[in-house]
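Next up: some structures, all given as structure tokens.
The same chain A turns up in both complexes below, where it pairs with chain B and then with chain C.
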Partner chain A sequence: MRRYTRLYWEFAKSHMKVMMEYRIDFLIGVASVMLEQFASIFFVKVVFDHIEQINGWSFYEILFIYGIAATGRSIHQIFFDNLWTLGWQYIRPGKLDRLLIRPVNPLFHVVADRLHQDGFGQLIIGLIILGTAIPQLDLVWGAAEIAMLVIMIISSGLIFVAINLFFATFSFWMIDSLPIVWAVFNLSDFARYPLTIYHKGIRMFLTWIIPYGFTAFYPAAYFIDKSGYKEFALWTPVAAIVCCVLAYAFWNRGLKAFASTGS
Partner chain B sequence: MITVENLKKEYKLVKRDPGLKGAMKSLFNRKYETKHAVKGIDFTIEQGETVGYIGSNGAGKSTTIKMLTGILTPTSGKVTVNGLVPYENRQKNAVNIGAVFGQRTQLFWDIPVRESYNLLKHIYEIPEQEYQETIEMFTEVLNLESLLGIPVRQLSLGQKMRCELAAAFLHRPKVVYLDEPTIGLDIAVKVKIRKFIKEMNQRWGTTVLLTTHDMQDIEEICDRIIIIDGGTILYDGGLDEIKKQFGQKRVIHFELADKEKFELPSALNGQVEVLPNEEETKISLSFDHEAVKSSFVISEMMSMYEIGDLNIADPKIETIVEDLYNKQEQGEEHEKVLANS
Partner chain C sequence: MRKYWQIAKGRMQENTAYSAWYWAGTASAVMRLLIIYFFWQAVYANQTTIQNINLETMLTYIVIAMLLQGFVGGVGNELAENIKDGQVAIELMRPYDMIFKMFAVDIGGKIMYLIQGTIPMLLIAYFFMDISFPKSPETILLFGVSALAGIWIGTFFDFLVGVLAFWTVNVWGVRVLKESLITFFSGALVPITLFPDWLRTITEFLPFQAMVYLPVSIFSGLISGTEAYMALGVQLFWLVSLYVLVRFIWSQAIKQITIFGG
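And now, the complex of A and B:
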């Protein structure tokens, strides 16, 4: 574990050097993500200018959910963005071979190979949104609440990672599972609104099948009493761990299949 | 060091009829075809040996190397490298091996070569002192000085390959697998790379397993060759032995004043073969030197024609290997004929 932390730091240092060399790209990447996020928040704002509440949720409560989603997603985007490229950058061109003959965990290597600048834009936006929403909520913030928020955000990030890893792993059997990963990832947009506004079937789906519900709505619901999900929300870190374990087990199966087919 | 026993690898391929209809059909009703890439091979390689692993395209060379490195799991058979089974202890085995795979880069694409090496230092946990010494030596032998600051994607093929090679030897591995390390390179770079490999082998006793289609690589680097064809081993032995065993063929090139008029002297009929020669004034004769002496061929030629110059070619490993392949093919055809009749 210590070895991997040190190793990650070495990888990150190299990436940061490259990023600083291409400062303009870095800034454009960060800015464009921020712009994209502002646009979708603006849309929500426009809706709320006409109605006061959606299903009992106020604008700032929805903003809070949004903020958790954005921050959680930024963890995924900054550190684990390379999972998107598993099929076309690693498996198909044989680059995975080279990782397999190094004395490190190949998944670690794939992940450490990239540090994504756009994710920093996502992180900044997420923090701004949280900073705007939180003072407007009727909440008392102590150390315990802050610690809980951090745990929830990390769990949210891990669920994004686990779901992407799971579907990216299909690339071991297909030419490239990227379209599937994309399609699934787009479902996470649903989870940025209170799940209670949806039909029961969709709610179940986003909780038990593709658990994006745990990336934003449930973590937020922990802090909002009237949601009625305060207790259920405590399962969020557990859900995150379970998802990671399942996804990692599936990845190992994929690797095994790769070792016997060589493609 | 490396032992391989009855090693086999079969690939399963989806068999598909041509066209869209065939593609649709295979969607629902998959038929598999088995490709026997490696059909039960055996060999052992000792620490410090330099072995050329050669064979025609699709013979199974890369498949074997992938099994030795642990990337591929064999269908059956046994492999151990340094006492470890590579595909079961892939990461542990990785500490002891280095590899170059043809034109695929092992280095980190976007970052300067020096940074790449630095990351490898951390990955392999090379002690700082040892690392500095190694880099210094490689820089000198491979002329890397001017390349270290450049990102890999901006290097030419030859420059990249030199950097690759250094990366493969950086952690002083016990074994290095080189799958076509000289493909697409010019002579000057090839020479440098061969010299480097030889030097590493002598200095550190690194075991080298090399595949190539350039027989000059083999002649200059390897003490032993293993020839594989169609997934089975045709020959395994010393480079000198194979020359003795199969290298009775001699070729002499003659420069004639008038090539048009040339006709094989009757004394040489049936024993000497005229090889095609592009050059306008030259003629090449090939013969078995056990059956006919070179001096006899030369004196016969001198007595009939005006010879400007002549040149006796060494038995080249290239021609020997070509002969072996041909013999194998003829053998197969012979078998087919027998099977059909």
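And now, the complex of A and C:
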């Protein structure tokens, strides 16, 4: 464990140096992600200029859901973004074979190979959204609530990571599963709005099959009493752990299958 | 037997690599339709109109806008890649106008996208979401012309963004930036008439609304009669201005390559 921490630090240090080398690009990346998020919030704002609530949810409550999703996603985007590239950067050019003979966990190596600058934009905007929404929410904030919020956000991030890892693993069999990863990732757009607006089938799917519901809606529902999901939301951290365990087990299976067909 | 199975498997992998993107794109588009449908249903749950737009017109606008937005991109990414890896120098020596060559490639791609991507989505939306098509042939014709103009304005703009690769290495960032700008100001998410006044005024001076908002408004009936022809006039203005800009910036960029020895 300590060895991995030190290793990660070494990897991260060199990434930082690269980032500072291309400072303008760093800023473009941060700004672009922020603008992207801002565009979708602005959309909700424009709609709410003309109506009071959607399915019983006010503007700031929806903003709160957004904020949790955006902050959670930033964890995934900053630290685990490299999972996207497993197919075309590692498996196709044969770079993964080189990693396999190194004395480090290959998953760790792939993940540590990149620290994504644009994720910082995501983090900033996520915190801004939360900071805007929370004071408007008429909630009592104590140490316990803040701790819970942090746990929820980390869980949200881990679910993003686990789902991406799970579907990226298909690359071991089909060389590059990026289209699948991308299509599944798009499902997370559903989670931006209260799940209660959707058909029951979609709600079930986003809770039990591809649990993006736990990246935003359920964590937010924990803090909003009238949602009726306060107790259910407590399963969020459990869902995150289960997802991670499943995804990692699947990754290990894929790795085995890959090594046995290897050259 | 085993080796032949391997050969068959190789072909299967090759084919899935191509079709996987198609199916992923289709699945994502269907998901977006679902989100749009349920979101707007919920929005209209407590009212019949917003700014005099009813649910049917709104859904029509949003769906057509989403489909049209799929065409307003262009050759920017390819151009940026070409600039990055130096391919552009070789392209420039070939006996054709590189701009037209890239546009031609782009048109081919868009025609395929229309057949494989847009038309199936349009049918799904028509049968399951109750969107309405314009009644009069004049409106359909106007929409056709306006949509083409919008697509070309988007293509020119995309080209201008692609040329930026001469000056920045974060091509991905610039792309996201461009896409957010277009999504934001083109009216692809929501009719511009719903914007607050000050923002609508700004939007009217930008080229983005000519890409999506104007054609889709003609389609869904938000703009009609003389206003529709005026919209075409605005589009024509942007079409010509952006084309001139494309030519100008491109000649500047080429000069730069020649100076640095290419």
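Convention: the second predicted complex is superposed on the first by the 262 of 263 C-alpha atoms of A that agree within 3 Å, B and C clash if a C-alpha of one lies under 4 Å from a C-alpha of the other, contacts with A are read in each partner's own complex, and residues count from 1 in each chain.
Basically, a residue touches a chain if its C-beta (ideal position, glycine included) is under 8 Å from a C-beta of that chain, and two chains touch if they have at least 3 such contacts.
No experiment lies behind these values; they were computed from the predicted model shown.
Trainee: Overlaying on chain A: chain B and chain C, fit or clash?
Mentor: Once chain A is superposed (C-alpha atoms), there is a clash between chain B and chain C.
Trainee: On the A-aligned overlay, A:I54 touches which partner chain: chain B = first, chain C = second, or both, or neither?
Mentor: second
Trainee: Quick one: is A:K95 in contact with chain B, with chain C, with both, or with neither? Answer first, second, both or neither.
Mentor: Once the two structures are laid over each other on A, A:K95 reaches chain B alone.
Trainee: Examine A:I154 and indicate which partner it touches, taking first as chain B and second as chain C; both and neither are also allowed.
Mentor: neither
Trainee: Give one of first, second, both or neither to describe whether A:D118 is in contact with chain B, with chain C, with both, or with none.
Mentor: second
Trainee: Per the contact definition in the header, classify A:L187: touching chain B only (first), chain C only (second), both, or neither.
Mentor: second
Trainee: Once the shared chain is lined up, is A:A31 touching chain B (first), chain C (second), both, or neither of them?
Mentor: Second partner only, chain C.
Trainee: Once the two complexes are aligned on chain A, which partner has more residues of chain A within touching range, chain B or chain C?
Mentor: C
Trainee: Look at A:I128 in the shared chain and tell me whether it touches chain B only, chain C only, both, or neither; answer first, second, both or neither.
Mentor: In the superposition, A:I128 touches no partner, neither chain B nor chain C.
Trainee: If the two structures are placed on top of each other, which part of chain C overlaps chain B: 5-13, 59-67, 77-85 or 131-139?
Mentor: So the stretch of chain C colliding with chain B after superposition is 5-13.
Trainee: If I apply the document's touch criterion, which positions on chain A are contacted by chain B in one structure and by chain C in the other?
Mentor: The overlap between the chain B and chain C interfaces on chain A is empty, containing no residue.
Trainee: Inside the complex, what are the residues of chain A that reach chain C?
Mentor: Residues 22, 24-26, 28-29, 31-33, 35-36, 38-40, 42-43, 46-47, 49-55, 118, 174-177, 179-180, 182-183, 186-187, 189-190, 193, 197-199, 202.
Trainee: With touch defined as at the start, can you tell me which chain C residues reach chain A in the complex?
Mentor: 13, 16-17, 20-21, 23-25, 27-28, 31-32, 34-35, 38-39, 41-43, 45-47, 50-51, 168-170, 172-177, 179-181, 183-184, 189-190, 194-196
Trainee: Quick one: in the complex, what on chain B touches chain A?
Mentor: For this pair, the touching residues of chain B are 11-12, 63, 66, 69-73, 87, 90-92, 94-95, 97, 99, 101, 104, 106, 108, 110-111, 115, 118-119, 122-125.
Trainee: With touch defined as at the start, can you tell me which chain A residues reach chain B in the complex?
Mentor: It is residues 3, 6-7, 10-11, 14-15, 17-18, 93-95, 97-98, 100-105, 113, 256, 259-262 of chain A that touch chain B.
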